[in-house]
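Presented sequentially are two complexes of chain A, the first with chain B as partner and the second with chain C.
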Partner chain A sequence: MKKGSPTNMTAEEESVLQPLLKTGKGFYIFVGVLLVLTGWFLYCWYTQLSQGLIVTGMRSIYNAPNYMTYGVAGGSPWGVYVTTFIFWIGISHAGIAISASVRLMNLNKYKVVARIAEVLTLVALPMAGLSIVFDVGRPDRLFNLLEFGRFQAPLLWDLSAVTTYFMATIIYLYLSLRGDIDKLALRIPRREWFYKRLAMHYEGTETEKERHKQTLWWLAIAIVPIMVTVHSVVSFVFGLMIARAGWYSTIFAIYFVVGAIVSGVAAVYSLAWIFRWLYKWQSLITDEVLKGISWALRNVLIIYIYLWIAEELTTNYMGPSAELRVSSFLWSGPYAPIFWPLAIIGFGIPAIILLKPVFARKAFNPKLAFIASIILNVALWIKRFIIVVPSLLNPPLYQTGIYIPTVTEVSIILGTFWMAALLYVVFLKIFPIIELDAVEA
Partner chain B sequence: MTKLTMIIDLSRCIGCWTCAVGCKAENDEPIGIWWNRILTNGGEEMDTPSGTYPDVSMSYMPINCQHCDNAPCVKVCPVGALVKREDGIVFLDWDRCIGCRYCLIACPYGIPSFNWSPPIQFPDNSQFKIGNPLVPVRPVGVAEKCTFCFQRVDAGNLTPACIEVCPAGARFFGDLDDPTSEVSRIIQTTPTIRLREELGTEPSVYYVPPRNTARPQEVQSD
Partner chain C sequence: MTSVKTLSVLLLGLLLIVTGVSLWVLGDSTSVVVSIPLASTGVLWAPLIWILGIIITLSAALANTLPLKNYLAWLLLLVVGFLAIFVILVSVTSVILP
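Up next, the complex of A and B:
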């Protein structure tokens, strides 16, 4: 056999490792397009860094754009950057959630999607962090957070929770990957030098395997509370603000955690479906597995819609004037063209698609559920937007403001998506996206 | 102990914005930023009365930083750039602020402003310096707000710029812990309110409510 070519592989392994072995034209086009888009993002970010946040659509609560107008044209001090931050944290949520529950509850059937989910977490968290870097006015002073950080500020809770979560995820992913890396060193000799170093003297003995399994189990136990904490503290950034109608409520932590699980599970479903379609993994990621994920997605979605209704009822029934101002801004005001399509198309239609297998005899349709998962991901971004912005546009004492994101701003947040896709693709080319153990079992 | 306090007599305020302009000159506020604003109660636009003719009334609400004892902005600042000083001033350290704008979000009065672009002074600062030289120039990307003219207070002058310029004599400033001061006397003799007191922010700015300026109901003639 030619030196450097893959060796000693079973048919299943070859199927799982095909992204590592074969690289087609489509891949280069995809990466090329992503690189161009990332370049555009970098240019936009440079513009923002050199000119200040004036290039965004965000403005102070009370703001006079020039000396000819008085301060009636207020704006929203936070906008799509913070929205995208919540979105990425939400995406990161389900990754480890799925993986940890697979390990803790012995759901071996779903082990094939565990790594898809873990990598999603790993990619999403830096993007969440970057969104905050875009948002602050002085990114050069971010180290003040470490030097002068005060633990009474919810933003510092975020910082600590997210970094802890990120470190735990890296360790978790590495430990679950180590055995596979060791195997890869044998299977793909031309990259042996790389995998051998990365495996760090992994022997593959039974005791070692058992020790990894034990450690991962305990890490999974530790990660579950961290995961709930991470999204709760994101909600506390908003839910503790007494001055903001529409935010100040006890439901927020639960609301955000459930919302995060919805968006995370939806993202994992979308990715699992895409990989299955791309690499013809119908026998690995079976209909049964996809059905199970969509079942979980449906349940959390129903809880989310329930919480949403509870929130709307609370703000509208007795209706404190400030709360009514925000909710009428959404229900019948300038944001009604966002709110109603979001409720009906963004949440209603996926709920119907996912609920249908319960009532109809017709078997579960993976493609329809895929469409539902994509809609849900977009819908949850918009939902976070209409949580963040309308409350800020309706400040007490002042007139209703305007917020229109600029092209620069939107390019920058889209940049996080291109970069996330790039990182994911790089991972896909270096490591197996499905655990080799899961296939052999 | 000192507890610096401001009292604004709304029955005297004529809505002339002199305090805002005086403040802007003293503190060298760039274009687009006003530490002091004079809102018109109820009207749709500035200087328009509330109500429908003939039941109209007009009054103003000057708003600057309330220097709360339990300040939401101090609570949420992640780097401690906002501090409550011993004398009651809520001070923003422009050299430490990272520009997260959490104070803009947390403030119930919408007070802090943000330097979205590099500050533009008018007239141009390099040729014609008008601000008080003791006030540091704020860079791009930080928040800023009323400081009760800390530079004057620190120099022992208990007359912030807005107090000095107010032509209607509607503003008073002093130490509330000193029983002989003017503010103590006013608070003891006149009913005062504080803005959004129900939020528990304990503001240091007191308002003397306006007298009823609405026209008496005209007698129906039928």
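Up next, the complex of A and C:
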């Protein structure tokens, strides 16, 4: 038998490397569909660039002529694009955070989901950046950020924080992957040339392994505060604006950070469940691992609901008139049909599903928890929408506006999901999504 | 040797961060920046210096684990990659925008 051929692998390794070794018809169909949808997204973005933001619903189309209303009289210059930006930043949050926590707290049991989470961060951050690019009318002036950016502007803090997080993620992922890449050169001989070069002279000696372990540990220590900074800074884009009712709040940073952890952990749970189901990894991603993630999700969800209630109570109990206007817009106004189902179905039902095992000790059901995680991610996108839009639709000096996203806008934001899925699939075909060390352990 | 390399990279990164932030703050709040040669060109680029500092600081993790040649290749990739995002977006949108 040829040394290093795929047949030299252990059964566990072969199982983990399934996505790299086998490509079924379903894969091509899935990628084909994603490519078509991405093509549609590119066409829509081209339309927006060539015709301007007039193709979006961000101006108030009902109250006054367009030239008067855009951004000042009841329109919503931040619509689904900025909502999606916060959503992707949130998703990216848990990725490296979970991986860093696993490393720092020696939670070896969860090492099997560490890379699933890391890659999620890697694909989510560019989508967050793109969402902002969609929102600006003149992306050809992006260099102005680097040339003339003002340090007082939270948007520039965002650029710095997101760049830091993205770079840290790339470096962290590469260093955690390097050992696996070296092994892949042996396991998959037809790709040896590629993996050997990517491993960059990795020899796998004990000293080298120890050095990687130590470096990753220090990087993990740096990443945790970076992660908190990123979402806090996103919240400052809103929370520091005194002129907008509904945003100016001291609770916003922690509110955003916890919300991000909820959406990130929910996304990791969803992906872990999907991979387990798709590749029959029940012995790798065990019920116990999923249960642990769902418990973490439940705990942060409870904190998030608590913060939400605290925010609503503070606003509505003797709140300033402008705050009350935004609040009534949500509670009993045009956004009530979004607000109440969001609270009850979007957060209430997942909370009940995730809390159930507390009262009935053997009641953990991975599939139900998966449904809860999906509902939570949809709910958190909508939650960000009702944070961003109602405050803009109720400006202090002008009449209330209306915001209805156009097909172009929706197609563009959906495009970020198709591209994220494509990037994830590409990664899945090149690198193992579960650390080989975790399997051996 | 590796420790010296890592430390040098860390120091260089931190120096760039401090320089960038200083230029950034001074340039925005006082006229002191006029006397700094970089600013006398009329283009500040202070945020870029600060962000490059961040990238180099983080790359200390790579300097600690990779041979020098590979480390430099990675650093180049990170910096060029970061700038390429801007160049590509600006170029493509400039062509399409009316």
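By our rule, the second predicted complex is superposed on the first by the 420 of 441 C-alpha atoms of A that agree within 3 Å, B and C clash if a C-alpha of one lies under 4 Å from a C-alpha of the other, contacts with A are read in each partner's own complex, and residues count from 1 in each chain.
Everything that follows uses one rule, which is that a residue touches a chain if its C-beta (ideal position, glycine included) is under 8 Å from a C-beta of that chain, and two chains touch if they have at least 3 such contacts.
Only a predicted model underlies this, so the values are computations on that prediction, with no experimental measurement involved.
The superposed arrangement places chain B and chain C next to each other on chain A without a clash.
In the superposed pair of complexes, A:M318 makes contact with neither chain B nor chain C. Residue contacts after overlaying the shared chain place A:R150 against chain B and chain C alike. Within the superposed three-chain model, A:A11 lies out of touch with both chain B and chain C [touch as defined at top]. When both complexes are overlaid on chain A, the residue A:A363 reaches neither chain B nor chain C. On the chain A superposition, the C-alpha centres give an angle at chain A of 70° between chain B and chain C, rounded to a multiple of 10. In the superposed model, A:S160 makes contact with chain C only, not with chain B. By the document's definition of touching, neither partner reaches A:I404: not chain B, not chain C. When the two structures are aligned on the shared chain, A:H201 is found in touch with chain C, with no touch to chain B. Of the two partner chains, chain B is the only one touched by A:R244; chain C is not. Of all Cα pairs spanning chain B and chain C in the superposition, the closest are 8 Å apart.
The intersection of chain A residues touching chain B with those touching chain C, taken from the two complexes, comprises 52, 138, 141-142, 145, 147-150, 152, 156, 159.
Considering their complex, residues 46, 49-50, 52, 129, 133, 138-143, 145-152, 156, 159-160, 163-164, 167-168, 170-172, 174-175, 178, 200-201, 208, 211-212, 215-216, 218-219, 222 of chain A touch chain C.
Interface residues of chain C, counted against chain A in their complex, comprise 2, 21, 24-25, 28, 43-48, 50-51, 54-55, 58-59, 61-62, 64-67, 70, 74, 78, 82, 85-86, 89-90, 93-94, 96-98. Contact residues of chain A toward chain B in the complex are 51-54, 56, 58-67, 70-72, 74, 77-78, 132, 135-138, 141-142, 144-145, 147-150, 152-156, 159, 237, 241-244, 392, 395-398. Across the complex, chain B meets chain A through its residues 31-34, 37, 39, 45-46, 61, 63, 72, 75-81, 96-102, 104-118, 122, 139-143, 195-196, 199-200.
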